[in-house]
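Got a structure for you, written out below as structure tokens; questions coming shortly.
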Amino acid sequence: MDKRIASLAEAVADIPDGATVMIGGFGGSGAPIELIHALIDRFLATGSPKNLTVINNNAGNGHVGIAALIEQGMVAKMICSFPRSADPRVFTELYLAGKIELELVPQGTLAERIRAGGAGIPAFYTPTSYGTDLAKGKPVAEFEGRAYVQERWLKADFALIKAELGDHYGNLTYRMAARNFNPLMASAAARTIVQVSRAVEPGGIDPEQVITPGIFVQGIVEVPNPQQEEVLNRANAYYPEVSA
Amino acid sequence: MTTKLSNAQIAWRAAQDIADGAYVNLGIGFPEMVAKFQPPGRQAVFHTENGVLGFGEAPAPGTEDWDLINAGKKAITLKPGAAFFHHADSFAMVRGGHLDVAILGAYEVAENGDLANWSTGPKGVPAVGGAMDLVHGARRVAVITDHVTKDGKPKLLERCTLPLTGVGCVTRIYTSLAVIDIDNGRFVLREKLPSLSFDELQAVTGAKLHLDGPVADLIVPEI
Amino acid sequence: MDKRIASLAEAVADIPDGATVMIGGFGGSGAPIELIHALIDRFLATGSPKNLTVINNNAGNGHVGIAALIEQGMVAKMICSFPRSADPRVFTELYLAGKIELELVPQGTLAERIRAGGAGIPAFYTPTSYGTDLAKGKPVAEFEGRAYVQERWLKADFALIKAELGDHYGNLTYRMAARNFNPLMASAAARTIVQVSRAVEPGGIDPEQVITPGIFVQGIVEVPNPQQEEVLNRANAYYPEVSA
Amino acid sequence: MTTKLSNAQIAWRAAQDIADGAYVNLGIGFPEMVAKFQPPGRQAVFHTENGVLGFGEAPAPGTEDWDLINAGKKAITLKPGAAFFHHADSFAMVRGGHLDVAILGAYEVAENGDLANWSTGPKGVPAVGGAMDLVHGARRVAVITDHVTKDGKPKLLERCTLPLTGVGCVTRIYTSLAVIDIDNGRFVLREKLPSLSFDELQAVTGAKLHLDGPVADLIVPEI
């Protein structure tokens, strides 16, 4: 019942080479920077994990967080809606060099595919992308005179997400727009690891205010005062730090 | 000499297989009783379809809050660490494979794992509730039931005769006489009342009972 | 922007004969008893609305709320998962007499069909009901070696729901397990009318704690101290009251 | 004499068609500007895909909270009555037809309502974001755009040449020269700059402009 994990290193220790990993956040808001950096630390120390498939709305910004993960060569494939950012060079250069794969998914379809993965819905129909290049090869069907595209669920081996409060059972709240993809990814991964800004006892979150019930969470690690990607990028930060 | 287990004793036996920290849905009625018999030192988290995770026992009569009920519309209480959510999120937990165990009642169970527990046929008003979702959602679907019907007919059959709730979904049956697994389309006997011979049990079971290793004595406390 | 409606009578005034109406609640919890009774009052005064299709998890209990709506002969069809209750006589008698239609839907499928209606998903696949009588006539498909049933969205002309707090823009919270189908129905109806136990100014609900954002709500009417179906039924109540 | 509207003026014109109480999504970049020009006495509710309804203008520099951003990753503020939700609920609002208006930029718009605004072709990194959801979700999809490309070529065409964002989705176009409706597969001119003749406008438009009633003068304030 107690899902607390003592350290960031331990929290990411089980992610194997080739894993599919959902990473929460929309741009920097809700991005679990410390969990991502712990994964990089492990890779630098052990050479693993690599060949990851990463699911996130974006493909990194600057040289921290997901951008740093990509920059280390740990990511074989990105599944995202918007691989652009203020500073998308890391992804862009690898992509144009053919060294990283991209599956581009409309943002609402990405969200719904993840939700479907968590909800046991293997496929659903959406009007989104009908008649466009992103619908190529997908089944289409007509309902009530309108055309729709069939989309498949998206699941992951691991989800790395960021929450505000987390109790020992894994019940979570989020902070403002940092909620975004985090609750969906929590539901769609075999193992969901959460960095919470504050760990509380069971009962420390009003049951009305729980956004992610603990049933979707396998591990929580407390990271007080987490870093914001936007702030790091404005300071031109690199991870790991580049020696001057 | 025990000739058959009471419902409470069947529920007790089923409760022994629920691990600490397991997320569990108990069907309305008889299966709700399983919650009372969690072994000491273990704490399961109970889910109810109508949007509560982590509920506790019934409140004292007169202290009910009718906004806080379970799927059987009975008043419940909350444990620390509980959560509320809407019906779609609740069934995302069910259908998405997040529950460890669902324990349901049965009219009939077949050796292929088929379950019939929602309709006794075309007469009367049909009602299904969440049973069809639970049987295809929980990682483990177990049944608790009397071994035979009120008029003594087998409830464990080669094939169900009543409308199905789900296909090939049940993996373990706790009855008033035995504990039986469903494995590769066969009933495999795991435990039986010590007072009962294999042949006596087979005689009240509507499909062949297989053996796969030793059969333990089904021993439960007086309750 | 101000979605407040002054009276219950006004709140239900626009529902026409033959309308499809989602009614929130699971059993008595979250059931908008006062809105339902206002609809009965209108029918008794004007003869409308009738021939309603009502979507609710249940089919009424006793002689109040949905049971009273059915008892008045206003309902042509129920779409529900569990038309049984402590006292289901009103529905049962009409159903066995062939005077009311029933579409029986597994509870999770019912919830998901309503959510799909609100989310613009015309169809989805679920394992629920595969191989059973309730899947008869529905398309089936196999995904990753497992069989699934195709289910269609469910929408309504009106939703009558019950919430706890509601601000003037229609942002809502619910009370404990009274949440149930209410937020889903709010999203799936062309017009969602809410009885709130307390109306507050915009800003009176923490944006983190809004369960139903106002975009899904067309009208709110304040009903302080709402009645509970369970309490009414334990008092053997009838609506309208039977004169002694 | 105005020869073409500035982006701010185009945004101003588009803002005049947004009703009081409307739920509105503004595409990232140029369309965000529409929010600045709500007519007095009207209040729209702005939605951003990343899970906020009811947000306000940008905070003062240095007071940003980077957990409170819009779809363009710019810092925002909240108005009273705002709400947070996750991405699936956010796109339920979009796809489910709950938004009154979406206003987007365009590379090309065709007379059949097709829109191309996400990809300039196979070169570079493709990025789509929420555009494909918005064009099939909002009740009214409008485009704001310069009337021609930077090198003077028409952006309003018989058929799009770039990869489509959506099929038959746009119903009104606010350009630097005109306001044009799409009606039954035709561009119907509603307003044009008074300094511009019909023929001059037609000459920079890649498909036939139709008339259906009087053409009003497109008059906007200096901004």
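Which chain is which? They are A, B, C and D, in the order written, and residues in each are numbered from 1.
Definition applied: a contact is a pair of C-beta atoms (placed from the backbone, for glycine too) under 8 Å apart; a residue touches a chain by one contact, two chains touch by 3 or more.
Predicted model only: the values in this text are computed from it and were never measured.
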Selected pair, greater C-beta contact count between A-D and C-D: A-D
Chain separated most widely from chain B, comparing mean CA positions: D
For chain B paired with chain D, centre-to-centre distance based on mean C-alpha positions, whole Å: 56
Approximate Å spacing (C-alpha centroids) for the pair chain C, chain D: 37
Approximate Å spacing (C-alpha centroids) for the pair chain B, chain C: 30
Where chain B touches two or more other chains, by residue: 52, 84-85, 88, 91, 94-95, 136-137
Multi-partner residues of chain A (at least 2 other chains): 112, 115, 119-121, 126-127, 174, 176, 207-208
Topology of the chain contact graph, where touching chains are joined (line, ring, star, complete, other): other
Interchain pairs in contact, sorted by label: A-B, A-C, A-D, B-C, C-D
Contact footprint of chain A on chain C as seen in their complex: 112, 116, 119-127, 141, 143-144, 146, 148, 152, 173-174, 176, 207-209
Complex contact set, residues of chain B against chain C: 48-52, 64-69, 73, 84-88, 90-91, 94-95, 114, 119, 124-133, 136-137, 163-167
Residues of chain D defined as touching chain C within the complex: 20-21, 23, 43, 45, 47, 52-54, 78-85, 88-89, 91-99, 136-137
In the complex, chain C residues that touch chain D: 1, 115, 117-121, 167-169, 171, 187, 201-203, 205, 207-208, 210, 213-216
Contacting residues of chain A [partner chain D, same complex]: 26-30, 57, 81-86, 88, 91-92, 95-96, 102, 104-112, 114-115, 126-134, 174-184, 211, 228-231
